[in-house]
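Once you scroll down, you'll see the structures, which are given as structure tokens.
In the two complexes below, chain A is the common chain; its partner is chain B in one and chain C in the other.
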Partner chain A sequence: MAEQKKAKTKMSAAAKREQNWGYLMIAPTIIGLIILNLWPFVQTIYTSFCEHLGFGQYKFVGLQNYIEMFQDPEVWRATWNTIYFCILTVPLGLFLALLVAMLLNAKIKGKGVFRTIFFLPMVCAPAAVTMVWRWIFNADYGILNQILGTKINWVTDPNVVMIACAIVAIWSNIGYDAILLLAGLQNISKSYYEAASIDGASKITQFFHITLPMVSPTLFVVMIMRLMSSIKVYDLIYMMVEDTNPALTSVQSLMYLFYRQSFVAGSRGMGSAIVIWTVLLIGIVTVIQFVGQKKWVNYEV
Partner chain B sequence: MKNMQRNAQITKVLTYVVLILGAVIMIFPFVWMILTSFKTQTESMQVNPIVFFPTHWDLNNFVDAVKSLPFVNMYINTALMIFFRVVCAVAFSSMAAYAFAKLRFKGKNILFGIILVQMSLPSQIFIIPQYQMVAKLGNLIPALGANTVFALVFPGIVSAFGTFFLRQTYLGIPNEISEAAYLDGCNQWQTFTKVLFPLTGTSVAALTIFTAVFAYGDLMWPLVVNSDLNMMTLSSGLATLRGQFSTNFPVLMAGSLLAMLPMVVLYMIFQRQFIEGIAHTGGK
Partner chain C sequence: MNKIPRVLAAVLLVAMLLSLAGCGTSDGKTHLTFQIWDVGQRDGMQAMCDAYTANVNPNVEIEVQVTSWGEYWTKLEAAAESNTMADIFWMHSDQILYYSEFGMLADVTDLYDDEDPNFYQEHYSDISILNATGEDGRMYGVPKDKDNVVLVYNKSMFDAAGVSYPDETWTWDNLIDASQKIYDVTGKYGYMAYNDEQLGYHNFVYQNGGCILTEDKTQGGFDQQATRDAVKFYVDLQSYEWCPDQAYFAETSPGTAFLSGLGSMYLEGSWNLLSSMKNYPDIEGQWDVAVLPAAPNPVSGNGHATISNGLTYATAAHGKNLDICLDVLKYFGSEEAQRIQGESGAAIPAYMGLEDTWISAFDQFSYQLDLQAVMDQFDYAVQYVNNSARPKWKSNVVDIMTSIYNGSVDIDTGLDQIQNLINTETAKKLADK
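Showing the complex of A and B:
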């Protein structure tokens, strides 16, 4: 039996050498991924069924964390906050990014300068960017209230704080999304527009019948990417709203709650359950997206 | 015909107006940060009318920011974290990408599956166990525990994304090139280092920029693993400054400006590489 197998899988010396080189060259990455990611992934799943006793000691408690989690209004609130953040930022952000991309795709001067300016927030740490916006949003001395002539508590009013965070998120990502969409727009052949113009189609008709269908695959990719990163939002909200802010529960995202549970309160079992719940949520959203894309994404070109 | 020309002209003017308006909104927060960072606290808190320009352009707020936070350490920590993460990501990912794209070995698909699994999970799912590993390592060897540069680098030692991204590049290089090198007597390692790796410059630059920008902006991991002020990165240090000077916005703006400056300067020098690099990696 062994002999037979050996004969079957017998390789030439060169092929054997190639295989050994293959294993050798992927070894650092694969071993690293197993230690740093695969094993921690398994551990997090296990931890979500445990109670943290402190000093890295755990006790298995079955589904208790999940039962507690789904009975906790704070978790449901954080789930809604995360979804609400996506609703506020993703559609409007993508619309504005597409607008910017289309304007940059026109024959204009100074394209490079505009591109550089719109992309700038991307290279600034979110922590620093959010700090600047907090100052702009400041209720008493901030310039936004001065310009608008209002006295809105942008950062401390539970009804407004999410809008403030959404503004920062959209402002931060618009350039990046626009650059990706611009690449998609540049692939559309000019001849479509020329033909449509000769037929007398208006710019608006051209947008809905040429631009939108042709850019839809790129738009879909950008949307998935933006949705994924919005569900995981943490740094922006963390910098905008500290622990002591009374508006915290109205804006706290799942990842912010995860951070507080795991590393401030020290309940790592609950923290793990929250992160698993978030992954499930990401999975559900992804499935919905891929089912929904058939209705609007056009791959026929 | 005249009408059409006029329409085209109106469209063009509108395009400029909207773009310039957008650019002003994008730039304004930065301008406001710079202006505020030179104001006194009293000036910054004056309203009706608001004080737009500082009366004296002095560096007091920067001095205060540097006094309350170890900015030199934060710069060094951030730079070292970025340097090691980039070197590791480029070296290990290039090797693995070459093997996955060009070599035949058993179990390739399953092993590549590990990379896809890692990429589809949010990084937060790994954080608690990663933190515990660093804590345990620190008990054995303090130089590898929490509050070290190693701890900052730790989750970025290997890069699944980098491997995936570079594999695409290696797949795009014709097999004839590697086969010719092989026939010339190169072994696999020489084919990789001397012939193929030098051809991947653009992608390596893109991966470098991508890795650097995201390591620089990362907040949760540095906050979790390095609580000692002297071992913080620019991002996590700023989060601490926020608590200390909650109402002194000129100092907070000076701190933010100091934290942004190195990356913005690099961006200004290498704009094209930054934009194309990040767009290139993100679009995949």
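Showing the complex of A and C:
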């Protein structure tokens, strides 16, 4: 009994040393996370219950910010705008990215060049990308209307502006998503396709019964990432739509509203409440996805 | 194996220490930073700083840093919270009440008491001093410049349409007539009525005898008929075929449209004239400036008005180098420094009697703008609209104006909302005190 106990403590002393080393090794990351992510998040939660008086002085006001927020039609409009942006960009963006990935996976000449070209938007600064697109979209002098021979107010028509933003978003992300999906596609063994074609399966059948299930884990990851970043969309819309744009309310995302509340109007309490609301939204969407994935994501190879 | 990283680490450490030393005062001089937002004025500001080093205190060197207007206030506020503001910086009337209320700015009321207790009153106009004054009546900035809003017009288009150039006899009716004629003949836009406050409807409101804020600044003026009529007049301008709508301006600013030869008239601040001349040499001589057209039937006054603003030089209340900074501010407010500012063309010096130095900066061009128009307007200029609650209502008023313009809010309802907003926020602010 006594011997056993002794052995146990001896074991745990060694294990403990190892454990301490483990903590030491992850310390830089954990400390960074706590200081840069966790603590600001706690502060944001606190701030959302306060009114900002100025220069970092806060007055606790309880739930008032939340009550005002949910009564404000602008917030609901921004929430819908954010969801609408996701609906426009995520399914179509993923579909196009998969298509591009499959084309890049095919045996064609100059594959490397095409891969580079599709990846290029990811390398450019989002602000620069948006500036160029704004010129393209310009209603009176933009190249798009010149080519189409139309006079569509891409950036100022409340019904069109979101589509314009979605086009830019899809364009800038397609390459990155395609590269990730390409990696997934390349993991699929050729023998499946050989076997399928010997059995007489058409290319389309092969796509739905081999490619899609096999690439689904990658697709799932890409989808989660894309949805999160779409809900958090800010820089693109900020650059495309200035605050005197008559279509602002039709395109203002939650993060844009947060920026305007916190930094333009100076109501950081309200801004923080909007952030918390957005975090909740992301949480809900992510939970739904993880429940939903059981239906379509295939982890068995 | 272990030695190489250690040597590397040692080298890195030394390098880091050296670079740290570089930031310090290794040359025995005090290095100050001077934060501004207008890149066009960088050279003029630097010339003033160099003159300070040369003529006043050789042990102080000042470096001018430019941050864009959009980022400037976000940065400055964050820096103010952690007491790490630039040593000297520009202050704007929009923000000075907010900053001074929270004790962020050094009080400079008594800066010149050793020389002349009435220095400000003798050398600066009332508007300049008001733009530098906090709610408590103390001065928190040294007046830097003054400006006002002028009508910029394209001479070639006026000639083509056979319309005489704008002058001080012009009223709003002339503005409409000329716009229509120019549009009929040349197909170019007339007056471009942009949804803006300082460069837009605020001028028209005061011309009509209305006001945005009442005299004591405790109430909005949007319940007055003169104000409402002027705003309605201004908003209705965009229904004319010769005026682009706000959707157009969201993509092409009136200045860009004008300088590209697409429109014939717009309102511009005097601070932008020099850079327009410099950056668009191709159309030099084709455009000029005039005083703003007057209201034809003002409720009070003679129909003339223009919004005049002025920036100030300020320093933090608890800065590390407060004494030196105050000395620099004192120099910046002196005749010598204001003259350098004027001659560089940066802006019209706030110091009275030096206005001509700014005009002389335009001598470098072969075509002379009618800058006397800018000077004449100071006689009836109105101080830039401001009260301590403005940060709370400013962006919301812009939102309501945008809704009025895109038709989602009826103009009478919108103006009532604005009035309500200003009164509520101002009352809240006053009650907090």
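To be clear about the criterion, the second predicted complex is superposed on the first by the 268 of 301 C-alpha atoms of A that agree within 3 Å, B and C clash if a C-alpha of one lies under 4 Å from a C-alpha of the other, contacts with A are read in each partner's own complex, and residues count from 1 in each chain.
The working rule: a contact is a pair of C-beta atoms (placed from the backbone, for glycine too) under 8 Å apart; a residue touches a chain by one contact, two chains touch by 3 or more.
These numbers were taken from a predicted model, which means no experiment stands behind them.
Once the two complexes are overlaid through chain A, chain B and chain C clash, as defined at the top of the document.
Set against each other, chain B and chain C touch different numbers of residues in chain A, with B touching more. By the document's definition of touching, of the two partners only chain B reaches A:L103; chain C does not.
By the document's definition of touching, both partners, chain B and chain C, reach A:F263.
Shared-chain residue A:Q146: touches chain B; no touch with chain C. Once chain A of one complex is fitted onto chain A of the other, the partner contacts of A:G56 extend to both chain B and chain C.
Once chain A of one complex is fitted onto chain A of the other, the partner contacts of A:T156 are limited to chain C, with no touch recorded for chain B. Applying the stated contact rule after C-alpha superposition, one finds that A:E242 touches each of chain B and chain C. Residue contacts after overlaying the shared chain place A:I136 against chain B, while chain C stays out of touching range. In the overlay built on the shared chain, the residue A:I284 is in contact with neither chain B nor chain C. Among 9-17, 45-53 or 135-143, the region of chain B with C-alpha atoms clashing against chain C is 135-143. Applying the stated touch rule to the two superposed structures, the overlap between the chain B and chain C interfaces on chain A comprises residues 56, 134, 138, 140-141, 242, 263.
Within the complex formed with chain C, the residues of chain A that make contact are 54-57, 134, 137-141, 153, 155-158, 241-249, 260, 263-266. Of all residues in chain A, only 15, 17-19, 21-23, 25-26, 28-30, 32-41, 43-44, 47, 56, 99-100, 103-104, 106, 108, 112-129, 131-136, 138, 140-141, 143, 146, 171, 174-176, 179-180, 183, 203, 218, 221, 225, 228, 232, 234-235, 238-239, 242, 255, 258-259, 262-263, 268, 271-272, 275-276, 278-279, 282 touch chain B in the complex they form. Touching chain A in their complex are the following residues of chain C: 74, 77, 80-81, 98, 101-102, 104, 195-196, 245-252, 391-392, 394-396, 398-399, 402-403, 405-406, 408.
By the touch criterion given at the top, residues 11-12, 15-16, 18-19, 22-23, 25-27, 29-30, 32-33, 36, 44-48, 50, 92-93, 95-96, 98-100, 103-106, 108, 111, 114-115, 117-118, 121-122, 124-133, 135-136, 154-155, 157-160, 163, 187-189, 192, 213, 216-217, 219-220, 223-224, 234-236, 238-239, 242-243, 249, 252-253, 255-256, 259-260, 263-264, 266-267, 271, 274-275, 278-279, 282-283 of chain B touch chain A in their complex.
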